[in-house]
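Chains: A, B, C and D, in written order; residue numbering restarts at 1 for each.
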């Protein structure tokens, strides 16, 4: 039984035919006409049509960055796309003639890890995506936790520091301001601007221009053993562990899956995260410690998860 | 279809026959022989026998303060009772001949509110018990969230303040140190010891002895309009709102039920909690705000919830 | 005995002849050629020459934004002007033939308040300037506190919040990020961007463009009773009180003088500051509480203070 | 020119004849009759009489734990001795016939370090005493900073963490709760109580009784390389550095002298302090970094400093 998964990003729409083992048997892409809802839908329908020409599918799952309603049909709000209270599933069903399920993209990716990736056979999974921002997905008792209105999983905006760094969400001290790619890059730029000598090698890699500093540079330098870069990745990891420990006190997951671009730092990120987690988890001597593992599904996670949710 | 609910507390065992509407149709109590596991079981069995003499029941649900295993049969650890990795359900089934389910007491009480009380018909409930300590129970999609090893719901030990007040759990800044009865009383004693004039009326109520200050005194004074007591309850409420907002970012509950002794302060506690919650909830302008409501099941919550879980 | 005071700002050089009572008996200005040290000095010399044409003076005091060496002759670093380890006093003595003393501008202004303004006859004064940024000046036992290398008085960069808001100085949680004009405006913009309804009137005053929001708008709205603006000024005031209480624990001042543009908010700022100060000052029941008073010397403070230091 | 210094502690009165080089040429002690002001004075007078029998002195300096008035004659409040607004200098002058100066004991000890010890020839000194509690003394421009009412130097009660650990002074987050002997011991006990395996060797040294843990045990274990003890001393040192950096932003000292019992840990304490200081000091690339040095005057600091102040 095959189904189609679609991952609608800010610049690219990726679609694929996925089998029951989570394998992508065919794939295609379109660019995203971000500012026009009808054009996005037409592009998705076009990609679906292309894939159906060669495969028989039972439905379409769509992952999208945004707040998806609890009915899995409506996108209530998306920061980067032209959707406000938009009946995405209805529109796509009309265009494709197939049953459509919509899911938040982080949830779709998390579901893929739970079903086919790093958390396979773990009934209680916490997934955290440390990319530019911080994303999350929760599976409890084998069910994706979506919350009463589809807003669950916003790990990014749990408060890490009272009166801490301002966040784009209009509040202070959100976890995302301490453990995500933008936090990493901001730290580097601020320290470089203040003349911190530990930022020297990084500035050099950026050609002397602190505004050119980016996350992959820092990760690369850290992997080469640079003390300044390691210190920053280490700090990011500790905040990650601190945040996950608070969540684990609440939800007691079996495994913690870490995805996203910053996860490329591997144990440079995960070791301090594990250490801070163990130190900050309550009752740690009376309970198992959930392992931190790296996500396995890569770029196809969104497609695979969405497709699976459509079955 | 009737079942028996048993609530094993540190000093008292309360048991009752509960019907399918959550009504307690018969009840009895025993004192708790806290230091001897076998005596506790004998007392429970005795109470069950008394109740069965008059009613036909299908099973027994037991709520106990402690970490209950994911299988709902074993108590892994209890701070105040003589249980360590104890097969409580096995023992009670042997003694009573009835099927037995064990649950953490806060979870049992939360389940009662979900099934018959303040959160009836809310599929996603967050319950917080503000008593001496801080307890929690989560229902998501109509299921009690227990976590991978039964440790879920430990709201008390989520971190509210980095490097904050030491907690008995061996870490710093746990939410319980900011919003629970002990936190309230400690604040009052510290301020009184430092000669804070706002603590005058409270000290007077305590007969001039700051060690006699207790939570109900503060609640009573607050209800009478005393500025010092109001300030402290207000601060407690704000921390409650701050904590619930972090949880809501993660879980998006439909309703937040507040129980426990301090909830007797009513809106003096709940109004600042609601205000801080609204202020600290991310994306608040794009989503519904979960209401804060007072728990309705009172002392019988543990019995009713445990009994219902046994069905 | 007359002396000349010069206040070198980023855009304007103000100079005046000052008598022994702190009165400005003649004044003139030049624009600041900010990027060329020699041109700045020529402009200062020119202004001094103009003033000397009509008055006999014994020396010149110069106030400048920057780190002035302990010898009061060298500017070690200035953020906005072309000075690095610059022998400003030597150069000006050469050009004017008069003895020259250089002082940090905040210190000069603070000295004016101590000698002729809000802190007259107070041997121990703490002055804080709440403008765009946060400045400070200390007088202890009638002496300006300059520190071992002239860096004393950097109130702005005392840490208010561990891991708090990033500061331009390359560290986190500096007091300036919580109580200064830029902090006020950033708070307003962030809250407006997040759709906070309390920011409505302010947005309206800014013509709907959140980037047009400035500090005087907020002060004006607060004075008109707008709840959102009042809340923000109030919060600024509380942080001011918190910060001053930490300093007072260390230095035990007799009076706290508040200057700078935000001080225009008057008691809307000072009342919450006083309240937070009283609450956060240690041993407050065993000691006098230093009053918070508004600075009296206005724009001429820099000229008057510098001139007086030159006598 | 000789003078007598007297150090009145909670259990012992130490007195000595001190020469102009800070040498103690004769010494004696009495036990402290702590609850009776007149008996304390009689004991001091008796010790002074004994010392004068052999030496000609010009005056008496008295160091006492407590808030000493700005006139250096009155003890306004002492936590452990029977003084409230007590005219100590008057009484002692009456009894001894010599001129008497009273000073806070931490100030007296700091003055000794400035005049004859670790800060000799440093015009701007910050001294911090890390003992059971946290004490401080400031010398600026060669003058002891006493503040408007004698309360200056209360480093202990500057706020390190907003909403942090409660302090005996009735406020939260005082620096003393993070870097002093009691903080160290509390941390150890809390961690031991929570079953932290890193506390094993310490518990063993305490004979298995966590209430027997004391500061010297932790220092000793740290010196032996024990990871748990090192981690705790290291954390203490980092907070010390953080606190000193805030003070240095304000006062720009030339040298930071660290005394008190915990200073026995030497570089185990001072290295993390120096590192955190460098990291937290604003404008660190534009200024000299004050060195952290260990106090040199030992137990006689109080006597020597008080005697010197009496000259």
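Methods note: a residue touches a chain if its C-beta (ideal position, glycine included) is under 8 Å from a C-beta of that chain, and two chains touch if they have at least 3 such contacts.
Keep in mind the model is a prediction, meaning the values are calculated, not measured.
Peer 1: Enumerate, in label order, the chains that touch chain A and chain B alike.
Peer 2: Output, common partners of chain A and chain B: C, D.
Peer 1: Look at all chain centres (mean of CA atoms) and spot the one farthest from the centre of chain B.
Peer 2: The most remote chain is C.
Peer 1: Have a look at where chain A meets chain D and say same if over half of the interface residue numbers show up on both copies, different if under half do.
Peer 2: same
Peer 1: So how far apart, in whole Å, are chain C and chain D when each is placed at the average of its C-alpha atoms?
Peer 2: Measuring from centre to centre gives 34 Å for this pair.
Peer 1: How many angstrom lie between the CA centroids of chain A and chain D, rounded to a whole number?
Peer 2: Whole-Å distance between the two chain centres: 52.
Peer 1: Mind checking the centre-to-centre distance between chain A and chain C? Centres are C-alpha means, answer in whole Å.
Peer 2: Distance between chain centres: 46 Å.
Peer 1: By the touch rule stated above, which residues of chain B touch at least two different other chains?
Peer 2: Residue numbers touching two or more other chains: 161-163, 169, 171, 194-195.
Peer 1: Line, ring, star, complete or other: which describes how these chains touch one another?
Peer 2: complete
Peer 1: Using the touch rule from the top, collect the residues of chain D that touch chain C in their complex.
Peer 2: Result: residues 67, 76-77, 122-124, 136, 138, 140-141, 143, 145-162, 169, 171, 174, 242, 245-247, 249-254, 279-280, 282-283, 286-288, 290 of chain D touch chain C.
Peer 1: Quick one: which bits of chain D touch chain A in the complex? Just the residue numbers, please.
Peer 2: My answer: residues 162-163, 194-197, 285.
Peer 1: Please name which positions on chain C make contact with chain A in the complex.
Peer 2: On the chain C side, the touching residues are 161-166, 168-172, 178, 186-187, 190-191, 193-196.
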